[in-house]
Amino acid sequence: MYPSVDMETMTWLEYREKIDSILILPVGATEQHGPHLPLCVDALLAREFARRLAQKTNGIVAPALSYGYKSKPQSGGGPLFPGTIDLSGATLQQLAADLIDEFVRDGFTKIFIMNAHFENDPFLIEAMDLCAAKYDGRVTLVLSNWWDPMPDELIGRLFDETPFPGWAAEHAAITETSLMLYFAPELVHMDRIDDSAAAAPCAYHRYPVKPGCVPASGVLASARSSSAEKGRLIVESVLPRLCDIVREAFA
Amino acid sequence: MYPSVDMETMTWLEYREKIDSILILPVGATEQHGPHLPLCVDALLAREFARRLAQKTNGIVAPALSYGYKSKPQSGGGPLFPGTIDLSGATLQQLAADLIDEFVRDGFTKIFIMNAHFENDPFLIEAMDLCAAKYDGRVTLVLSNWWDPMPDELIGRLFDETPFPGWAAEHAAITETSLMLYFAPELVHMDRIDDSAAAAPCAYHRYPVKPGCVPASGVLASARSSSAEKGRLIVESVLPRLCDIVREAFA
Amino acid sequence: MYPSVDMETMTWLEYREKIDSILILPVGATEQHGPHLPLCVDALLAREFARRLAQKTNGIVAPALSYGYKSKPQSGGGPLFPGTIDLSGATLQQLAADLIDEFVRDGFTKIFIMNAHFENDPFLIEAMDLCAAKYDGRVTLVLSNWWDPMPDELIGRLFDETPFPGWAAEHAAITETSLMLYFAPELVHMDRIDDSAAAAPCAYHRYPVKPGCVPASGVLASARSSSAEKGRLIVESVLPRLCDIVREAFA
Amino acid sequence: MYPSVDMETMTWLEYREKIDSILILPVGATEQHGPHLPLCVDALLAREFARRLAQKTNGIVAPALSYGYKSKPQSGGGPLFPGTIDLSGATLQQLAADLIDEFVRDGFTKIFIMNAHFENDPFLIEAMDLCAAKYDGRVTLVLSNWWDPMPDELIGRLFDETPFPGWAAEHAAITETSLMLYFAPELVHMDRIDDSAAAAPCAYHRYPVKPGCVPASGVLASARSSSAEKGRLIVESVLPRLCDIVREAFA
Amino acid sequence: MYPSVDMETMTWLEYREKIDSILILPVGATEQHGPHLPLCVDALLAREFARRLAQKTNGIVAPALSYGYKSKPQSGGGPLFPGTIDLSGATLQQLAADLIDEFVRDGFTKIFIMNAHFENDPFLIEAMDLCAAKYDGRVTLVLSNWWDPMPDELIGRLFDETPFPGWAAEHAAITETSLMLYFAPELVHMDRIDDSAAAAPCAYHRYPVKPGCVPASGVLASARSSSAEKGRLIVESVLPRLCDIVREAFA
Amino acid sequence: MYPSVDMETMTWLEYREKIDSILILPVGATEQHGPHLPLCVDALLAREFARRLAQKTNGIVAPALSYGYKSKPQSGGGPLFPGTIDLSGATLQQLAADLIDEFVRDGFTKIFIMNAHFENDPFLIEAMDLCAAKYDGRVTLVLSNWWDPMPDELIGRLFDETPFPGWAAEHAAITETSLMLYFAPELVHMDRIDDSAAAAPCAYHRYPVKPGCVPASGVLASARSSSAEKGRLIVESVLPRLCDIVREAFA
């Protein structure tokens, strides 16, 4: 669908032409997203943001990582739900480090990790730090979540009916559902939205995770007022700022 | 495209319904495949065989692993080509082990790894062995490459113009090109086929890999007589045998 | 100073008497805290909160971990400052896992990690998760940062002169300085406070870390209005809530 | 027996004289070889080929590795038999990497791994690849199995009574038995040969390994027509080709 | 108490001034020391020797490691006693390696590990060796136990009533008790000394450790004739020799 | 030579008969032993003691480990000499752990590690401890060095001309040379004995190792008065005590 930017559709000769540009690695997860969204939400969002960012920056998009680090009760609610398929932190870190090393070996010096799964951050960043230490400043590694550069003003417009619950709890809720309605409406079941949330995840971390500490639906905040239009608003607001990051970080 | 079998398009409630069936994990690679095929060949073939096998066995297909173990000069020719993005053996093994553990935690007891990258085998099998030792016989893990069950008689029909070079060297050649023409013709550039192969990989293993030990095109054997029809023949011949394996191995 | 709760001052016979109570492990860091605070701030705060919590819950305090995970520009600003002595994520995780295993082997079933260094969380939690999986529900592991249970109302009273910059940036600023003035005033140099902060850490993660991305002093927000009285307020407000967590989590 | 080439019999002063020559590391296994052959077959064959190769190339033979990677049903049949003592892949890889590093530290730049256990290859090669990446091209690492350079023509002469079953299944069969009769006849019990093989290992990989998937004797193909003379033929045919590899690979 | 040498009480600006001096890392353990001594003996002794050495050599003392490697029956007797909290060897090694790397990154080139727990040595030394290999001779790493440089003549004076049992068995006995009486008498319970030792640890290593192979008190040799004066003698005898080591090793 | 006890010469059927007896694993090293002894001293001594112990206890001897942990200046003097081929601690530990696990899987419950290289101990013992923890007391693991059970009275007889230098320094000196003269006189060059030792290893540990800190010959103490007769005395004195250990430890 995005042959001009998707590395996987290129031959090695076409790929070789792109080595001076920005390599974008989308990282997602396979994780429960309530009764109305598919398990691939994070992987799909990472890939879609990556593709658009690549188009605007003459970049190239590597195959996405479909599996991410463990979902936590406070930020996804996933560990007790079937369909949440988690990597350990060490595995994700090693996976990211191997890939960074390989792209650098091919000649890339600008690598951008487009993340869409909250819990991935620390292990991806550890990989970035350990890799960067090997390259003597020749290579720049950047990570941004798609929600990081979202302007406060937009949050007000998106959460017009319900209050913004914070990014950790924005799981399978308004922003993700709206983005999915915008990118892949055929995978969204608006009729199955369940916002009867009752249980609230506790503020501290407890293991083993207590059954019942997240709502039975797996949704941490209501998705009721989601729309493709809100999805479009997010994309159009976030993309220019991701481009700013690219410009600034790789300068 | 295959919503009835692709796990990633399911909600966690739909996925939960499939836990007594067979979980199929496609494993590929991101690797040079000559001037006429894209970098995603192995990942795409693994996924396509997995989907068809799932349809015939009431199985479910997990998100594919797009990155695999290191390409070798003797079986892919890749290490010196840009676009061949390799995981170390330890990373692939740990990645597979984490995923197997997670599917087992969800309740699956029949897991089938559909592999399409020659060099992945030993590290996937090590993961399978170490995982199986933890489950006390409750879980069965199976791995097959798509070419393993191919009948000798078919090989004669496929290699009607050139001799069969052995599976290790069948890289970006007749079988892979034919399968790509059958599954995703829009990604194949028949006009760019280069069969001027001269250099032949040596029989022993030497590191560092000697530049020039594989042909400059990255193709180890000619793809000239490939066709979508040959691709169809392979699929129709291999699939029933994969079904036999499923029946026998999980009995 | 706290012989009734400090494990390190006990003989093994005294320690053995406490095995049915709560084991509290303080985790800090050795990290720059601007020109006015010592390198031990996080370790000292973790230990002081742990001791008071132990007194109120009949618990016991294990020797504190004085070294923690890597300081980040966004939450401590430390990686480029001398005196910030960081463990890798894998080391901190393995260290915490070994200790948890040992306390469990001694008979403890209630372990509370009192953390005081923002960046430690993911690796401590990974250790907790992997350990908990081994104990079949016999053991409960809890982690809280000292700031997690702080009531919003208190934040208003503490930040009476400057706005609350968020917990990540509250480094060597009002809350930490006030707590140090309350716990160990002899280690605070109020005359050296530097709030000429200009540079602001960027929102995305970039490696190698860009020199100059944090203020030259290492302080991310002003500590000017700190006082021992504010320190007392924090302790008196947070402690009862930590006791609530203990009651709830280990119930 | 081979004092002129066996490193273990040399003093460090004698060893130091050899540092410009080829260091040959024999790698075997401890593995069941049917009722007529001892557990040391692979280690012994690796050592004997290594010694003869050293004599012809002025090389030196390091102490052999007596334990190797896991035997598989398809290529040795060993995992369910007592006496098959397997290393995990990670252990074999780390062991080989440590040894290569040490020989390089001593000054060797030409290291030849003489392997005699089919399943060792991938993990030895991973070690070679990771080590080679550290030496900037100063060091050349080569691996060959003793059967790799065997000419097709010879196979016809060896398998004069039974068909060649492929190298994976040539376990405790004609080639290994003939070589043992040639090198160490006192360890061969021709009277105990059991060729009542019935079960055939399946083509796919399944874990846990199914009891009964290899013949009860542990022999995958008949050893009946073995002879010391055939052993001599193999050695005399393979050795010159191993010398060719040495000449070519280290050029 | 030792603000002039304790790194933890310094600000990063004060610490930075010390980078050309000697960095001393005290390493102890948390381990049973009989009914009359606290669990922190090894950590406290390491820290106290480190502080005095730093004062005499213009050095700086890093926060001590309070947890060490596993206590063995032959040298501490600890594994079966509650309160002995052991790290695995890999964890201690990795912890030490991370810290050495960080101090070197800050600019230190002279690092002295002051050890006070017999069993730590091999894993600390492995870390030192692996680290040193990375620094190309720019950095010198030294380890000494406090008892290593003790003159034979002094041993005669200390063991005036009972024979010297060897360093491995000098656990919670005369030297440690005397040093504790000198450094921290408030933590010593002379009235609880138990020297009814009967069982003697066996000379070989056996796992699992046999219950009863060390005396029930955890004390391997009598502490009866301990005194603060003997503690003073040890300190005054050992310190000048530690200074000699510093002079010689970092020359 | 010892077909009745050497596992490597047995078929799997013969080996299977021995599973209720004691499995003895000899562990040595490949290490410089001065100008008069070969590199294999430690491996050969471990194997010879193991064989004799097996004969007296109806045991079985596994293939010896020919490579061991790093030689140190204080106890072997090896790291700077060519021919000293060292494993890292982690590798030796993992290797020993894999082997113990495999012998236990085969059914052995009594495993005896016969060690002959001073520096191996801590890493072998760590492997034993970690393995034993998995077997719930079903399996007993024992380690003894050949010199551990040597009676003091014998030491007086062996060191009749020169004083006993302690076991760490007894490297390539009287005991090892005498044992080699007894077991394998053809590998000893008495005419090359060099006892011009001058440099003495320092008491503390320093990395990088200082060139010249061990005598240029690699010998730490004189071997001058060695004899096959002394070797015989050692064997005849030590063997009964090793048998006592077997009896006591596996009771």
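We just call them A, B, C, D, E and F in the order they show up, numbering each chain from 1.
Quick note on the criterion: contacts are C-beta pairs under 8 Å (C-beta built on N, C-alpha and C of every residue); 3 or more make two chains touch, one makes a residue touch a chain.
These numbers were taken from a predicted model, which means no experiment stands behind them.
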Please report the smallest number of touch steps linking subunit B to subunit C. 2
From the centre of subunit A, which chain's CA centre is farthest? F
Between subunit B and subunit E, tell me the centre distance in angstrom, where each centre is the average of that chain's C-alpha atoms. 56
Just the number, please: Cα centre separation of subunit A and subunit B in whole Å. 27
Distance between chain centroids, defined by C-alpha means - subunit A, subunit E (Å): 48
List, in ascending order, every residue of subunit D touching at least 2 other chains. 88, 90
Just say which it is for the chain contacts: an open line, a closed ring, a star, complete, or other. ring
Round the ring, starting at subunit A and heading to subunit C first, what is the chain order? A, C, E, F, D, B
Show which residues of subunit F lie in contact with subunit D when the two form their complex. 7-13, 15-16, 19, 30, 32-40, 43, 62-64, 66-67, 81-88, 90-91, 94-95, 98-99, 102-103, 106-107, 187, 189, 192, 218
In the complex formed with subunit D, which residues of subunit B make contact? 70, 72, 88-90, 93, 119, 121-123, 125-126, 128-133, 137, 140-144, 148-149, 202-208, 245, 248-249
